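Okay, here's the structure, questions in a sec.
The first chain written gets the first letter, and so on, giving A, B, C, D, E and F; residue counts start at 1 in each chain.
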Amino acid sequence: MLSARNRLDGEVVDVKTGDVTAEVVLDVGGEEVAAVITRESAENLEIEEGMELTAVVKATDVMLRSD
Amino acid sequence: MLSARNRLDGEVVDVKTGDVTAEVVLDVGGEEVAAVITRESAENLEIEEGMELTAVVKATDVMLRSD
Amino acid sequence: MLSARNRLDGEVVDVKTGDVTAEVVLDVGGEEVAAVITRESAENLEIEEGMELTAVVKATDVMLRSD
Amino acid sequence: MLSARNRLDGEVVDVKTGDVTAEVVLDVGGEEVAAVITRESAENLEIEEGMELTAVVKATDVMLRSD
Amino acid sequence: MLSARNRLDGEVVDVKTGDVTAEVVLDVGGEEVAAVITRESAENLEIEEGMELTAVVKATDVMLRSD
Amino acid sequence: MLSARNRLDGEVVDVKTGDVTAEVVLDVGGEEVAAVITRESAENLEIEEGMELTAVVKATDVMLRSD
């Protein structure tokens, strides 16, 4: 079990790979969730479009906005 | 406009206030999203249960997990 | 209102765009503040030199150093 | 030398100490900068009001907002 | 598999629990590694002294210092 | 003194430089620790393989995993 509380399941809809980092966009229940991870991690996880992944976020990294 | 890409709308279902920080849990489409912000920010936003808020997360703070 | 407490207004003095990320440097009252955001965000905000922007930082991401 | 690019000198104007964390607010050229660090770090640095400190922030933790 | 690259195994040598957060210190090969997580996560993981845990850190959260 | 609690000494075993960011991998007592910093910081610190560096991580950025 990981202490990071936030886990959102989604499908990969876009992958952009750079020299050092990669941006992966998931469709999470109709909302886009973008992650920037290292290129190496993207390769280790063999990430490609259509794949099911879980976005994981530590609670201290979540901000809140009121309208 | 804010550069942080990830915005998830939800309803406050729990608020825990400490001396320095506060934990706020949102229901985002049936999923729980927990945020730890400063107590002062929780007071500035007048956060209470039932309120509509948006969880905001920078893409560099999102990890990905494959099962 | 956003829970992130720290907001510093400045002028863009440098923009470096990569495949996935972009580095934007602001002059904030004579001090340089550098941000790394996604390339997509830099394009969405149409960031260019001379533009007025606000640097936003969550309090949990600020460290302190004593000399 | 530390890789974190952003360093802003200021004076401590407020300290709130909790069980686990502490909130320290600096006056940086007339702007408030708030940091949440561990209580232990606040004690190690012997932080108190009136003290000169430097706020240090990694560039990947800085967001940008356009009005 | 999780995209966060850094994983360091250690033994819990100290746990401090607050209202909202908890500080857990691991002994990792003779070095101390401190984590601040939510109190709820500390309870979910049933963290106590002597327990074996893995510290997990995203590469974008690691800074480097040269002497 | 810096408030970030976690400091792990190691030797640079790999450096990947991109347009905006750089990935640096340290050998810390036989474990790999990867950092993503700005390209400019990597140049300022003149990072190259074989160099001794210290990985610095804020406690709020450390997650814990139990097996």
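A few comments on the model shown:
Here, contacts are C-beta pairs under 8 Å (C-beta built on N, C-alpha and C of every residue); 3 or more make two chains touch, one makes a residue touch a chain.
Computed from a predicted model, the values in this text were never measured in an experiment.
Greatest centre-to-centre distance from subunit E is found for C, with centres as Cα means.
Between subunit A and subunit F the CA-based rotation angle works out to 120°, given as a multiple of 5. Looking at D-F alongside E-F, one finds more C-beta pairs in contact between the chains of E-F. For the pair subunit A and subunit C, the distance between C-alpha centroids works out to 22 Å.
Averaging Cα coordinates per chain places subunit A and subunit B 17 Å apart. Shared interface positions of subunit A, i.e. residues touching 2 or more other chains, are given as 1-5, 18-21, 23, 34-38, 40-41, 45, 56, 58-61, 63-66. Under the touch rule stated earlier, the contacting chain pairs are A-B, A-C, A-E, A-F, B-C, B-D, B-E, C-D, C-F, D-E, D-F, E-F. Note for the complex: subunit C touches subunit D at residues 4-8, 23-24, 26, 28-29, 31-37, 41, 45-47, 51-67. Across the interface of their complex, subunit C is touched by residues 1-5, 35-38, 40-42, 44-45, 56, 58-60 of subunit B. Touching subunit A in their complex are the following residues of subunit C: 1-4, 18-21, 38-40, 58, 60.
For subunit C in complex with subunit F, the touching residues are 16-23, 34, 36, 60-61, 63-66.
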